[in-house]
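Next, two complexes with chain A in common: one pairs it with chain B, the other with chain C.
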Partner chain A sequence: MIYPTASNAALVFLKSQPTREQFLRRAGVRQNTYAAELVLNLYDDIFVHSKNLREEYLKYYKIEYPKFSEFADTFSSVPDSVMPKIDRYFQLYELIIHVCVPSYLEEDAGAETLGRLLRTKLSK
Partner chain B sequence: MKIRAGFVSNSSSTSFLILAADDLTRENFFQLMGVSPKSPLAGIFRELHEALIDGAESPVDLRDIDESIPVTEWLDGFRGEISPRMVEKLQDAKKRGLKVYYGHLDSESSQTETFFCCDSFEAENEKFYLNALECAW
Partner chain C sequence: MAEKELIRFIHINPIMTTSKALDDISSTLGRLQHQISLENAAGYFSKNKILENILLPVLAKTYDLPHLRNANAKGANEPYVDLVDDLKKFAFQITTERHASKITDTLTGFVASKTFQKYSKLQFFIFAPKPVAFSAVSRKKWTRICRGKFKFKQADDIVEFTDLYRDISNLSGPKIREIRDLLAQSVVGEEWIDVRTLLVGQAITQVNREKETGKYIPDIFVETTSTKALSRVFWHPHLFFGEILDSVTRCRLPIWNKFLAKCGLPLLPVINAEKFRSTARPEELASAAQQIEQELLQLAAAAKLFDGLNHGDLPPCPIAPGKRDFHDQNAWRVRDTARVVQEWTEDQIQKLHAVQRRVFILTGKAGQGKTNLVCDFVERFGVPHEVPCAYFTGLQLGRISGDLGEHIQRTLLQGKTPTFQAAARVLSNYAAEKQQPFVFVFEGLNEHSRISQFAGELEELVSAALKFPNVRFYFTCRSEYFIQRFGNLLKSTFKNDILLVEPRQQYLGDFARDQLLDGYFRYFEVDPNRVDEQAQRFLQDDTLLLRFFCVAYGKRGRPANYQMPDIPHIYRAQIFDLYLNKKLDDAADTKNRTVQQLSPVGSKKELLAVIRWVTSYMVIKRQFSDVPFSEVPTAMHSDLWFLLGEEILLRRDPAPSGNISLAAPADVLNFVYDEFRDFLIAKYLVENFDPMTPSGFATFVAASEEGTTQISEGIKRFLFYTSRLPDKLEFWKYYSQQPAYDEVFVPEIFFVAEEHHNTDDAVRVRTVLEKANHNSTRVAEFLLWRGPRERFPFLNLDLLIDTLADGDDDLHAALIRNNFLSYYQFQERSQPAQEWVKTFEKYLIPCFNSTRHEPYVQLMTILFPLERESDLESPVVRLFRRIAANFPALAHKVLSRALEFKFTTHRPYVWRLLAEQNLEAGMIANLRTVAEGELASASAETATEIRRFLLKSAASRP
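This part shows the complex of A and B:
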């Protein structure tokens, strides 16, 4: 599930992390090309340089905040519309990532493209 | 030193050079970039292809260039410096009788063009060589 949080950012819920090879295949790009370089940079933006809020919570904040929703509430990047569902999502999804997207993925069309690459739906 | 506290705007352009042994069709461009027409990113590369075509001067047929003219003067109105890498590629392209498309991408246009304008990249296959390494802020 993807919740756009700004024109260039989104909160992403995923059950598992794709490998780099899976991500390239989904993107329909050939290895060792400029398109592949672009896609691998995007992969790193999402899975290497962005924080998994679920992992952060379990590692560092679980004692301070008994519920994930209490921890998530401290982030302005978590949209209000997600808050009522976030404890359920916490049980369902392994990855809860706040991603800043490159400008070629901005706006609605970009969020849809991101959804296709991550094999997940865009929230309405 | 002056410090400005208000909104600061900046714009950039990237000069590009494409050496071509064939027409720069969308299909050929997708081959060069390494992207499938069914890719979720196809729309983004379609937009880049259109930006390159729209931003290009009329193509130059290198067979028509007089060899006594220095390489740096072959491309009339080329914005920025023709790098040593470009010179090397242009000389090789002349021997092969290729065409040259050149022009610039602009950061004051769509989000997609802005991204590619600020990126710095190079791509090559058996038919084409694309150099968009010269980013001028």
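This part shows the complex of A and C:
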């Protein structure tokens, strides 16, 4: 599930993290090409350089904020439509990533591509 | 050393003689022995398990074995021995058993396992209540076991309690005292105090007390994320150091470097944070934090090379061959990347300081929420994380008469330690076991009643406690007091251990400001629908006033039938007046509950009389602080105590140094808030003003002009407000002619009740505007945000528009373009025009009325050039087009009027927009005449737009 939060940002809910190879395959690009470099940059943006809020919560904030929703509300801009569901999502998804989306993915077509790469749905 | 200082010094450091230390050691060892024998007799052996650890430092000191360690500690496995010194090849077996078989078995195992090859000396320490005696048969057996392997002599190698005491008494005095302290710490009860329960109870009790008194208002905490993040690291460095490492590991440095490589620029140094993951001990944490900080500083320095480069500038280093084109096309990104890297490193370094430093000082304005932050933090973070902490307030500490350290150790550990230092050591050790610091919270340092004395005591206390590695201090203090009253801390021996977190309010984002306001309103039951939007905005910027406002108007603590009035504007003097009344009511209630004989009215009058007396003393003596307590008439003393009770209006301070006399302490009185004092003095001056003989007042003001009296800006402000009240017309006539009146006219005129404005104000404001200076800009800003004439009869948006319409380009530039922009940049709102458009869209579009809101649309024509984009586009131009599409007649009207304005910067926009409109024939004819007349003298850009208009209008002519 992908929820846009603010301009250039989204909250991504995933059950597992794809490997780099899977990510390239989903993108339909060959290794060691310019396209692969772009796709892997995106992969790093999402899975290396972005915060996994779930992991961060469990490691550092679980004691301070008994509910994930309280933590998420303080540390991330969660869309109003997601707030009622976020504690349930916390049980369902391994990865809850607050990701800065490159501007080329902000458009509809780009957002759809992102959804395909992550094998998840885009919520508006 | 002064007598008083000497007494305090001796109190903190009671003299410990060697003989007293030996007595203590003897009784401590005896006590331990007794406890163990009792426990063993009852079948409990808990103390046996910790005996090795208790004796370890004592034996190490006594027998000079600095590397003595517990062989049975986690991870180690040394059979047959308990304590070992690997360097001196020395081993101890500690036992409470008195049987020979224990020694026989140990020696047999020691030899069989060849442990003697590692330790050439084995001693038994028998901690038994009675002396032991072994048979000759046993002794022979031992000699046989050890023969040819290592030397073992019963006389030397079986040590008993009496032997240990004898050996200790043969040591030097300082060593004896050290051993005494060690035993005092580990045996005399401290180890068996339930430190955890005591401390958690103490802190939570304090939090609850703050809640009861209304100082802690849950939900009113301005979550300046960075302050709270730093606090987390400071309170739990072991846990949150990991988060810093995560952040460093996650950083986008590889991506930035990939980009810099493409630009042909040197790469930024990479930081390997992972190598610090296993860091555990506090001293290792600090050292690791320091190393990462150094690496981050290098990273920031490398990034700084590229910061500030403008488009077309060459970087101060060579660009790799073949990369120049890519660099030139992306130079702006290099600069942006450099800035991002530097900001990120600054944040991380600040957090690393919170790991390393041990005194956290949070300063902030009154009412900003420092108490809330501390209470919230203790309640939601410290206690759940089981961070050992103790919470004191400056106000409470001001009420203790004895020594500060003594009070703290008695409060926390029930006097079971002899000194504060001993308590600090116990607490530090307790914290070490938990791999956390021990945090002493002192909230509201400035609320202590004897600040100057307290500042010195505090320095001494912190200095003593920081000798113990796990002790930390978390202080809060009002910013205006901190440097002046507690500046000594910044020059102390621990100055490098201080993390000073400066006021954050001016940097608060809109969200945090909203939260602050909502929190106060909710708690004090202020109905936000009754407070004008602009008034709310003003309150967000002044938290002290916000609190006074909430006390003055909120429903909390008032009768059920209280109806809050509508508040269209913030009138500071009125709020202060209401606040004074409310606080006098509260004090009168307390007095009546206590005395039970006076009517509330009578009480309030008497309390007010005390306030008046203090104020009059200040005015008559020209002394605005430190009113001698002894000067207050005795008849007023009982009422004075009620006012001092909660220290809401008045506080009692010690006399400034120089007046201190041990025989007769000379306390003084001060108002709690300086601003409140200014209000009362101004009120007093005006009430006593005689229009027939204004000489008394004139003398007072003249003295201030000559510099003989320090009349504060605050008094001038409140004199100004008071002069504007309708019943103070005579005073206004006099005071408005004084220079002091003009000094504060801007901006105070905008905080005077609307109904008290007059035509004189409009004239003065226009004069100020026309001066095109800093004050003019402030006035322009005020007028800009005010409504039209219909709502604000004198000082309104129309006045700004009219003044600008008659002014030239310089005035326009001064008032609107340059300073208007810079003013908002100062507020960290770099896009003021966009802000204004957003506000317009939010509040006016839904209810737009072409007549009522015409001045706003006229204002747009003045704001067109703000945040100009390419091709005469700007946020305000776009908004105007939307209005014009729905209200063409209004658009035509304001554009036509805009052509009458004397300044010219807006003209190309106006002509462009006129060209876009479908104008009526008559209007076209008129405008064409104007256009043709202007063409010759117009700037190139305006001329282009005029030609465009002429072309377009020619085509659309009938």
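The definition used in the following text is that the second predicted complex is superposed on the first by the 120 of 124 C-alpha atoms of A that agree within 3 Å, B and C clash if a C-alpha of one lies under 4 Å from a C-alpha of the other, contacts with A are read in each partner's own complex, and residues count from 1 in each chain.
The rule is simple: contacts are C-beta pairs under 8 Å (C-beta built on N, C-alpha and C of every residue); 3 or more make two chains touch, one makes a residue touch a chain.
Since we're looking at a predicted model, the values are computed, not measured.
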First, second, both or neither for A:L117, with chain B first and chain C second: first
Which superposed partner A:V48 touches (first chain B, second chain C, both, neither): second
Touched partner set for A:Y60, first chain B, second chain C, both or neither: second
Greater residue coverage of chain A in the superposed arrangement, chain B or chain C: B
Partner chain in contact with A:M1 - chain B first, chain C second, else both or neither: neither
Touched partner set for A:A72, first chain B, second chain C, both or neither: neither
Partner chain(s) touched by A:V99 [first = chain B, second = chain C, both, neither]: neither
Partner chain in contact with A:V39 - chain B first, chain C second, else both or neither: first
In the complex, chain A residues that touch chain C: 41, 44-45, 48-51, 56, 59-60, 63-64, 74
Touch list for chain A against partner chain B, complex: 26-39, 102-104, 106-107, 109-110, 113, 116-117
Touching residues (chain side chain B, partner chain A) in the complex: 33-36, 38-45, 111-112, 114-116, 121-123
Touching residues (chain side chain C, partner chain A) in the complex: 223, 232, 239-240, 242-243, 246, 250-252, 254-255, 258, 380-381, 384-385
